[in-house]
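Letters A, B, C, D, E and F mark the chains in the order given here, with residues in each chain numbered from 1 onward.
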Amino acid sequence: MADDASPGELTHFDGAGAAHMVDVAAKPETPRMARARARVRMAPATLTKIEAGALGKGDVLGVARLGGISGAKQTATQIPLCHPVRITAVTIEFEIDAELPGVVVEATVEAVDRTGPEMEAMIAASTAALTIYDMCKAIDRGIEVVDLHLVEKRGGKSGHWLRDSK
Amino acid sequence: MADDASPGELTHFDGAGAAHMVDVAAKPETPRMARARARVRMAPATLTKIEAGALGKGDVLGVARLGGISGAKQTATQIPLCHPVRITAVTIEFEIDAELPGVVVEATVEAVDRTGPEMEAMIAASTAALTIYDMCKAIDRGIEVVDLHLVEKRGGKSGHWLRDSK
Amino acid sequence: MADDASPGELTHFDGAGAAHMVDVAAKPETPRMARARARVRMAPATLTKIEAGALGKGDVLGVARLGGISGAKQTATQIPLCHPVRITAVTIEFEIDAELPGVVVEATVEAVDRTGPEMEAMIAASTAALTIYDMCKAIDRGIEVVDLHLVEKRGGKSGHWLRDSK
Amino acid sequence: MADDASPGELTHFDGAGAAHMVDVAAKPETPRMARARARVRMAPATLTKIEAGALGKGDVLGVARLGGISGAKQTATQIPLCHPVRITAVTIEFEIDAELPGVVVEATVEAVDRTGPEMEAMIAASTAALTIYDMCKAIDRGIEVVDLHLVEKRGGKSGHWLRDSK
Amino acid sequence: MADDASPGELTHFDGAGAAHMVDVAAKPETPRMARARARVRMAPATLTKIEAGALGKGDVLGVARLGGISGAKQTATQIPLCHPVRITAVTIEFEIDAELPGVVVEATVEAVDRTGPEMEAMIAASTAALTIYDMCKAIDRGIEVVDLHLVEKRGGKSGHWLRDSK
Amino acid sequence: MADDASPGELTHFDGAGAAHMVDVAAKPETPRMARARARVRMAPATLTKIEAGALGKGDVLGVARLGGISGAKQTATQIPLCHPVRITAVTIEFEIDAELPGVVVEATVEAVDRTGPEMEAMIAASTAALTIYDMCKAIDRGIEVVDLHLVEKRGGKSGHWLRDSK
């Protein structure tokens, strides 16, 4: 995943422009972390149903949380040039956003490896968001992910990175 | 995936609120289609590199296209309550959007089954978008998916559905 | 999965004793069902914690249910000679058994195919049971599955089969 | 897999009761081992056929052994909150038990990681047992797993654990 | 897999040269078969060990047979643009060829679908061959697959095809 | 994968002839490399089409390259007794061989682990070769892999190994 690359080059291609899996063998194995966020907009009535389920019956967010964790573990078979990364922790958090209206998903993945879990965090957030879509699409097919991005990363040569809030 | 459900209920839960995989055995096996779209915003310099690659060296979109197609085939192991669906075709199209600036991904999945490939199309679009992120994040970690939604579906009891354009 | 085999022969081997995947092409594609049960015995204090979680915090059975459903979808890659089967529904039910003490898991899988979902039901029940083990083993490593068996099957040439209750 | 957790808490849930993959980054990477056992009861005639096959034609136990080893490698995609574990060895042993009557499966998994391979051993034993079921169900649908439990574990902060024999 | 394509065009690309999964929805679902062969050359001493194992201890070919069958079931996740195909039977046969010297692998896959199992047969044969390599490479690293090709296919619009023997 | 085994024994079997996954826990984790080659023979007209595609439309080799990289990551679920290996780099190179006529595939896999990536390199080369077959079989069903072998390995107790060129 080449999170330590010098800026300016697309590291997934060699000099001839051929795609490859970037060599990370020389990097030290260190603790790394990445955090991604997805915002899911829906009809107010759909959000009301999700909030009701959180009380114990029809727990959409409980299913989506497990979807996100399973998704993180499948990242290397999902993203063509991504390295397998040794995940040490995955956390998925949800926040109800009445103004959106919808749900904000935040996925945090930790790893001890030679490259960081940015893609694992992005896949975890998107899979949790799409699991919400799957469970609610029968009543609200127009649900949309209105934002999906990396929020923060730690570890590796490039160190700490925090997205500018807007 | 219960695309024929009557509106108003969350079909992935039974009367007691327990999650299950919805019974689709009684539905007829028919041709179905779903189309999803993701818009990926990035720095102008990143988009310029992607456009250059399309000319033959460092083909980011060629890799992302295959990421999307592979993603579609892994949908049932990615989304917890999703049925395995018999995919008959997958197409991923890209459009350069200089104003975004970025890339618009459109994924079309066709299937012959008792439920439709909406989730396959959504996963295909999001995996293609995240593959673009993976390949460009070394030069532009702030790339974001600014929209991911279903555009159209055909087939099944609920018939044709087309997203309102805004 | 050869559920229609004539009794007396191990159908997964040819005349020379070599393992193969049994030919089912000539069988009609019909609705089929299988139901399996696992009983999980644990310390009374562990069962008390599981029952408390069912009320909304620390929902062990909610996670185990999704483990069982995902397990059913992975059966063909788990059991060497098993056919891929077109699953149309999966349900996992739990019953608290204070006398065991423990949890009774019942997994029902439906399919429309040329062979039945017996193995899918068995894997669903065992995966749900082992997910309970995974979540509780930090407090009760001695938890055991004291029984795992097929309860019922319907469909196919051999028709309805119901386990003798004892 | 949190094999070093202090007893009394369900470590797979956070303070709010939400499921997560437990953080193991701070644990040392050490050699660990786990051993699990499954007992499979069957009709005497079925056991006779299995014993005959061991002599070279229709080797049910040879297939079941490979089912168990493959199963161990798929544990992290099977059990929702389980960490991927670096397996260094898998052994599956069978013993014919004429009194059961049936087969006793013993699976030993070794790993070098921050958490132990208990779930890998449990999945290996259950998959081997269910592979026996798959191969013999055409002649004996009533075969049952009458016991599945952890026998022993070594390594990690909680050290050596041996099941009380009864 | 487009086995019915008119000759002369690379059907996995659209008019603009973009890769896609070919649309097979309009084709009838019919029984189809494909047979592939791999020849594995090795040192005479290695072949002697394999032949000895076939008698019951260290059964290399028994393991390779299961590798081939599992490989067939994983074809759609292995080959980027390949459709998932409904496999109804898989058979792997081995022949000792003292003159090669080595083992000839023949994999036959049957399916009922809109496209044929050619790739499944090719993957089954190559995986069985590479499993032989895996098991014997510690004593004979120079083992090579000297030929891997399709032998025969049946079904679909293009009908029966038999390789010219040379 | 036992690349350090003493010659003369089939290390994937124990003393009784039962298959197992070899214990590698005592080996040091070191950088290792393996390189494999596949030669794919085809009709001259097919090779011409592939060469044309390399110029930007219908890029068969670009798709095959990604097939090979994905294949490398799936090795442990493909080869029954193979250890999961921590891959740090994968490169797939193609050379047009007008005399063959056809394409020479060379796959190089690097890893930091207790055993080497020989099987990963062999699977990467064969999957890339079979992806070429998949994409061209509609116009040339007789394409064959005329050679697939290990070329070189480095690392581990057995050190450097280079195939004799002939």
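Quick notes
In this section, a residue touches a chain if its C-beta (ideal position, glycine included) is under 8 Å from a C-beta of that chain, and two chains touch if they have at least 3 such contacts.
The model shown is predicted, which means the values in this text are computed figures rather than measured ones.
Of all chains in the assembly, those touching chain A and also chain D are C, F. Steps from chain B to chain E, minimised over paths through touching chains, total 1. The contact pattern of A-D recurs in D-F, the pair among B-F, D-E or D-F where over half of the contact pairs coincide by residue number. Greatest centre-to-centre distance from chain D is found for B, with centres as Cα means.
Looking at which positions face the partner, chain B and chain C present mostly different ones, since fewer than half of the interface numbers are shared.
The rotation relating chain A to chain E, fitted on Cα atoms, comes to 180°, given as a multiple of 5. For the pair chain A and chain B, the distance between mean C-alpha positions equals 16 Å.
Separating the centre of chain A from that of chain C, both taken as means of CA atoms, is a distance of 31 Å. Multi-chain contact residues of chain A, defined as those touching 2 or more other chains: 19, 56, 59, 62-63, 66, 70, 74, 77, 80-81, 86. Interfaces, counted as pairs of touching chains, are A-B, A-C, A-D, A-F, B-C, B-E, B-F, C-D, C-E, D-E, D-F, E-F. Residue ranges on chain D touching chain F, taken from their complex, read 31, 62, 65-66, 69-70, 72-74, 86-93, 110-112. By the touch criterion given at the top, residues 14, 18-25, 76-77, 80-81, 83-84, 86, 114 of chain A touch chain F in their complex. Considering their complex, residues 55-56, 59, 62-63, 66, 70 of chain A touch chain C. Those residues of chain B that touch chain A in the shared complex are 1-3, 5, 7-13, 16-17, 19, 49, 53, 56-60, 62-63, 66-67, 70-71, 74, 77-82, 118-119, 122-123, 126-127, 129-131, 133-139, 141-150, 153, 161, 163-164.
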